[in-house]
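Below you'll find the structures, each written out as structure tokens.
Shared between the two complexes below is subunit A, which pairs with subunit B and subunit C, respectively.
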Partner chain A sequence: MVPDPRLIATEKGKPKLAVWKFTSCDGCQLSLLDCEDELLLLAEEVEIAYFLEASSKVEEGPYDISLVEGSITTPDDVQRIQKVRKQSRFLVSIGACATAGGIQSLRNFADVTEFTSVVYARPDYIATLKDSTPISAHVPVDFELQGCPINKLQLLEVISAFLNQRAPQVSAHSVCIECKLKGNVCVWVAHGTPCMGPITHAGCGALCPSYNRGCYACYGPKENPNGESLCHWWAEKLGTDKATIIENIRNYNALAGSFKKIGESLEVNKKRTT
Partner chain B sequence: MSGKGKTIKVDYLARVEGEGALFIRYDDDQVHDVQLKIFEPPRFFEAFLRGRDYTEAPDITARICGICPVAYQMSALHAMEDALDLVPTPELRTLRRLLYCGEWIESHMLHVSMLHAPDFLGYPSAVAMAKGHPEIVRQALEIKKAGNALLRLLGGREVHPINVRVGGFYRTPIPEQFESLREQLLAARDLAEQMCRWSARLPFPENNQEFEFVSLVNPDEYPMNEGRIQSSRGLDISAGDYEQYFREEQVPHSTALHSILIERGAYLVGPMARFNLNYSRLSSRVKQVAEELDFRPPCTNPFKSIVVRCLEVLYAFDEALRIIENYQPPAHPYLTVKPRKASGCAATEAPRGLLYHRYGINAQGKITHAKIVAPTSQNQKTIEQDLRLMLPKFMHLPEDQLQGLCERAIRNYDPCISCSTHFLQLHLQHDQPGSL
Partner chain C sequence: MANLGQIDSANMDSYEHLLQAADLDDLIQAILEHGYEVYGPTLVDKAITYGKILSSADLPQGWTDEQEGGHYRVKRRTDNAYFGYVVGPHSWKKYLQLPHRPIWKSSRQEQEVQIIEIKEDVPKLAFLGVRSCELHAIAIQDRVLIESDYPNSNYRDRRSGLFTVAVNCTTAAPTCFCTAMQTGPAVTLTSDLTMTEVLEGKRHFFLIESGTELGAQILAQLPLKPSTVEEKQQAQKGIESAETQMRQGPRHFDSSDLKELLYRNFESPSWDKVAERCLSCANCTMACPTCFCSTVEDTTDLSGENAERWERWDSCFTSDFSHITGGSVRADTRSRYRQWMTHKLATWHDQFDSSGCVGCGRCITWCPVGIDLTEEVRTIRNLEQP
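Right, the complex of A and B next:
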């Protein structure tokens, strides 16, 4: 086999994989350990050079591919992500925290000083930034894999695409398409259940509708979502008040570009009507 | 401290969930200071839950931890149901127990095989261990996979399941759905029994200590979702009285709050506490295996917690299979209730131990206050105490081995630092005699 000229040479001639954690729940990096059938195979193809949750052996950078979990919330995070970027040839942010600030970005819409005093008796011990921000707000990102949590098969696809020098095949269409592919009855049309499916990124396999539940947008926005129209139909046909829509736009992916915009316009409208 | 003090530094403690650091100052005679430092960045769940709908609490709090999301879902929905006087039917209750079995299996096997076992066999990771012990790693992955299959069927996915709600489930399975899963669970149960026998033969450092063990106790079953909070020293309270007996304290070196039993101090929650307080309620098969291995309660050596986890995994398979064999689909997947101004609390047994939630909601069903106490913040003080007592017994070891042992001692507790609030740095400072 001809060696891939892009790779950073290792003794074993395998690409070096690193997994980094910032502010997060560990669930997305856990997805890698949840690949029970593929984990040992993957370890044959790549050298797991830095993955603190799984190994106490730490190899120095640079790394061929870095998976970054979590959002940036502390002064230390801001410094550390720069170091990670410098050491990584291909950087993939994985999960809603890394791609869209995560649930902890709800602080961005509130007063973080007050937040600290709700949780901690001595807020002065706590070093935290006012905002939780996605990785792309700090460094260039080569690929973003959305989801809270990510789909482990999509993660394997992204790694595999990198190993085979091709673009990852991760569909950017909506959850609605996944529902149709599965033959699900539409929970909105048939049961009147508010569903975020029309504007939400595919990847989960239309899980919630498959369980008779409305999608709550944990995979973030699809490509070019028509949020305005969704809000209109929610309010018109389902009588859902705007606050409920804001709750669904502002949960796990509140800072994702189009969700952020929809949330802001809903706030403006709310102020006008009250 | 004088500049003569000897310092050993390890930048990160690996194979734990989250980031923190350990600082120990000692000399040849005694240990002066032990601080388990947690600087996992705070995420302020208790603050931003305010104003959110009560129905969102199980899904939002699941995001505290990717390893034990079901535990957060269970404590959250039981607390909401406590507030709204909603009592799930026995069938729904049993299905929740089945879901919890899946998480216990998945979370325990992750710790046993990928985080803990490499310590005993001298490998940096399970992937490296797979070269020398391929069978063990393969079996562990099979067992874990079975737990995850159970989580997927009932919850929709392994991490942050989507199928639970206040009052029950969104969709309950039909009996046929359990058919192929049953075969997988039966096969994995045999592997789990082998894993119990294997774990009991590992070389354990001697480190028996006196703990006050705290867990739920339920006269009818090994505790998961319900029971009174009891301890090995006579505590016996309901979850509603939790905050009268337990207090959280903030210490400068940690973003996780330390929990103590008021006027009594540190205590231990988790598999060892459950095992010691509930041994008689394990399945006969688990007790038989434990007795064959001469592994009877009380287990007071945290290094042996790996055996307890394996026994609990075996129990979770027995329990899951029992539930599946007797499964009757609930008449309705969930009960409904109108929100009203109320407050409620609940404690359930996360894989790592007691997990307490309390919420207040207003007449519109919006959350007005939230309090969450995670198992690792409850164990944090005990971990520090363990290290303080363990170190003098092993002072004869060379410093690098001593340091390795400290890291292992922390891993014994399967600390979930993401839960309790991340970067584990280890600083061991050895003071020279005569230094300050």
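Right, the complex of A and C next:
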């Protein structure tokens, strides 16, 4: 994960940072601009060489660290991600689109040509792939930072870790641990609110449960998630209806880890019961 | 520091003083006047949590809790009891073993790296409404975090000035099993003060006794009167009813052979079964008043000139917990649950000379999918039968 220090451009000055966009809403790369207080400090440590959202001035590659936002949804994306990888020493995919295919991966469970025929006046102008896929499905990725959108403090942590050649402190455990560290009362147990926290990757600081709302898994699955058991308990004990369960499993991270499998099995059951 | 020595029994004979419930605030003010920060039960977000107490009005008077596996609700009581509930989502460990704290910071000056220990200006802590199981939990944490070979200095500093007002339980939740673990419901460890709440007809009072010199000093400031034999009997009756509730409840069991039972059952099929249900979310370990594991996290700033080390609660239910070169030793939930339960109930005896479980039931209530430690013990036992 932490690259050989010899790879980091030192003799030529600061490491070069690039920010790339694929199919996405730009929210994750905006979190870099949201850094505000830390942005100048970051600019002192790295050369922001390619970041179209911030500047049209472009430095040529290769780049020491590339932040890649968005999923792969077009034939052009497929070619371009290869070029990005070739120019990047350390590639970090940021956000649910890049790490899991994003909300647009819902197309993977339907017929995209049907969508284009309904949405566009000239669907024949639309060059799009049948599936939306994460960056890791196309090129090797050095680190994945989950979230929709990502947490800017975690992004700074990943960049700091890269600059200082150490492992990033990005825990893969559940949102529940973040709740418990904050002393939050469990919305599931104490209020009967369906919450995805037990199977969701930490990183947001338990934002929704801190405001007495259930987590809806925008950070995607934690390591070793047991979505089957969670969905079973929601249905059996919390009386959650099937549509709500599917909506929670099938949103920003529908393709990620076991979410895909669970979503498919719920779909099958839904079809059977209707 | 009150040394948590075992006291004889829950005999009410020693409770010579009576404090009217209307005068409970005098007790809180007396403790505050001694320079303590007082923490105790308070109603927050529809749960009885532990928080700062400035007066008796902060206590959840007239509230109770309803608890089952994966289920907790607060409810109004029909009376005005101050302590008419059991333990909630929080435990006192959040004040003694801080969830997240800085240990040291360092800065680089030229080629020198200077490391500066971050020493907390520790407040004088007073806990109001500590249950017997919780005193036992603190005693267990003392053995781990003070008396072991690897003491935690921040825990020791926070713990050393601790003042406790314990409360004998006069009610039990279905999730309580302190009788099985021999930790309650009557207070059996030394506390600075110990009280029993009595509501009898229109009367509402506390029987109160001191276990330390400081406790006696505080008692001397209160408007007390001597208790009668009848009042002592009423208090005794409350504790006995909590005890009966538990002994007749579904979670009472014989814990005397737990260590041997679990040592024999590393390969019980029950571990596969529980792993199907367990979310490995770590709620049980976070809610447990004795789970003491922590990790350290090192961070640097962008410049690389400044670094910090933080301590944070950790859990044996995470992959990182057992991550060594080559990966996680306990990659699956089966091995994580087995580790937690076997440590808590069995290997803890070899490591710290007691069980790691006090029977408070938090792991049952706060498990989102209601996994029940006592039921798991029963399953393992049953599967062992030929």
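The rule is simple: the second predicted complex is superposed on the first by the 256 of 274 C-alpha atoms of A that agree within 3 Å, B and C clash if a C-alpha of one lies under 4 Å from a C-alpha of the other, contacts with A are read in each partner's own complex, and residues count from 1 in each chain.
Definition applied: a contact is a pair of C-beta atoms (placed from the backbone, for glycine too) under 8 Å apart; a residue touches a chain by one contact, two chains touch by 3 or more.
This one's a predicted model, so the numbers in the text were calculated from it and none came from an experiment.
A.B. asks: Under the superposition described at the top, does placing subunit B and subunit C together on subunit A give a clash or a fit?
C.D. replies: Here subunit B and subunit C can both sit on subunit A without a clash.
A.B. asks: In the overlaid three-chain picture, which partner chain does A:His173 touch, first (subunit B) or second (subunit C), both, or neither?
C.D. replies: Touch status of A:His173: second partner only.
A.B. asks: Once the structures are superposed on A, label A:His191 by its partner contacts, choosing first (subunit B), second (subunit C), both or neither.
C.D. replies: It touches subunit C, and subunit B stays clear.
A.B. asks: Quick one: is A:Asn212 in contact with subunit B, with subunit C, with both, or with neither? Answer first, second, both or neither.
C.D. replies: It touches subunit B and subunit C both.
A.B. asks: In the superposed model, which partner reaches more residues of subunit A, subunit B or subunit C?
C.D. replies: B
A.B. asks: With the two structures laid over each other on chain A, which partner does A:Gln79 touch: subunit B (first), subunit C (second), both, or neither?
C.D. replies: Neither subunit B nor subunit C is touched by A:Gln79.
A.B. asks: Looking at A:Lys21 after the superposition, I want to know if it touches subunit B, subunit C, both of them or none. Which is it: first, second, both, neither?
C.D. replies: Once the two structures are laid over each other on A, A:Lys21 reaches subunit B alone.
A.B. asks: Looking at A:Ser265, would you say it contacts subunit B, subunit C, both, or neither? Reply first, second, both or neither.
C.D. replies: neither
A.B. asks: In the overlay, answer first, second, both or neither for which of subunit B and subunit C A:Thr113 touches.
C.D. replies: neither
A.B. asks: Could you say whether A:Asn164 touches subunit B, subunit C, both of them, or neither, answering first, second, both or neither?
C.D. replies: In the superposed model, A:Asn164 contacts subunit C only, not subunit B.
A.B. asks: Least CA distance subunit B-subunit C after superposition, rounded to whole Å?
C.D. replies: Subunit B and subunit C, overlaid via chain A, are at closest 12 Å apart by C-alpha.
A.B. asks: Could you list which residues of subunit A make contact with subunit B in one structure and with subunit C in the other?
C.D. replies: Touching subunit B in the first complex and subunit C in the second, residues 212 of subunit A appear in both lists.
A.B. asks: State the interface residues of subunit A toward subunit C in the complex, per the touch definition above.
C.D. replies: That would be residues 38, 41-42, 44-45, 156-157, 159-161, 163-164, 166, 169, 171-174, 176-177, 180-186, 188-191, 195, 197-199, 212, 223-226, 228-230, 233, 237 of subunit A.
A.B. asks: Within their complex, state which residues of subunit A touch subunit B.
C.D. replies: Within the complex, subunit A contacts subunit B at residues 21-31, 33-34, 36-37, 39-40, 43, 48, 51-58, 73-74, 76-77, 102-104, 106-107, 110, 112, 114-116, 118-122, 125-128, 148-149, 204, 207-208, 210-213, 216, 218, 244, 247, 251-252.
A.B. asks: Taking the complex as given, what residues does subunit C use to touch subunit A?
C.D. replies: 44-47, 49, 70-74, 89-90, 94, 99-100, 276-283, 286-287, 297-304, 312-313, 315, 317-320, 331-333, 365-366, 368-370
A.B. asks: Across the complex, what residues on subunit B touch subunit A?
C.D. replies: My answer: residues 11-12, 14-19, 39-48, 50, 52-53, 56, 59-60, 63-67, 69, 110, 114-115, 118, 124-128, 130, 137, 141-142, 144-145, 148, 156-160, 162-163, 165, 170-171, 250, 252, 255, 257, 333, 407, 418, 422-423.
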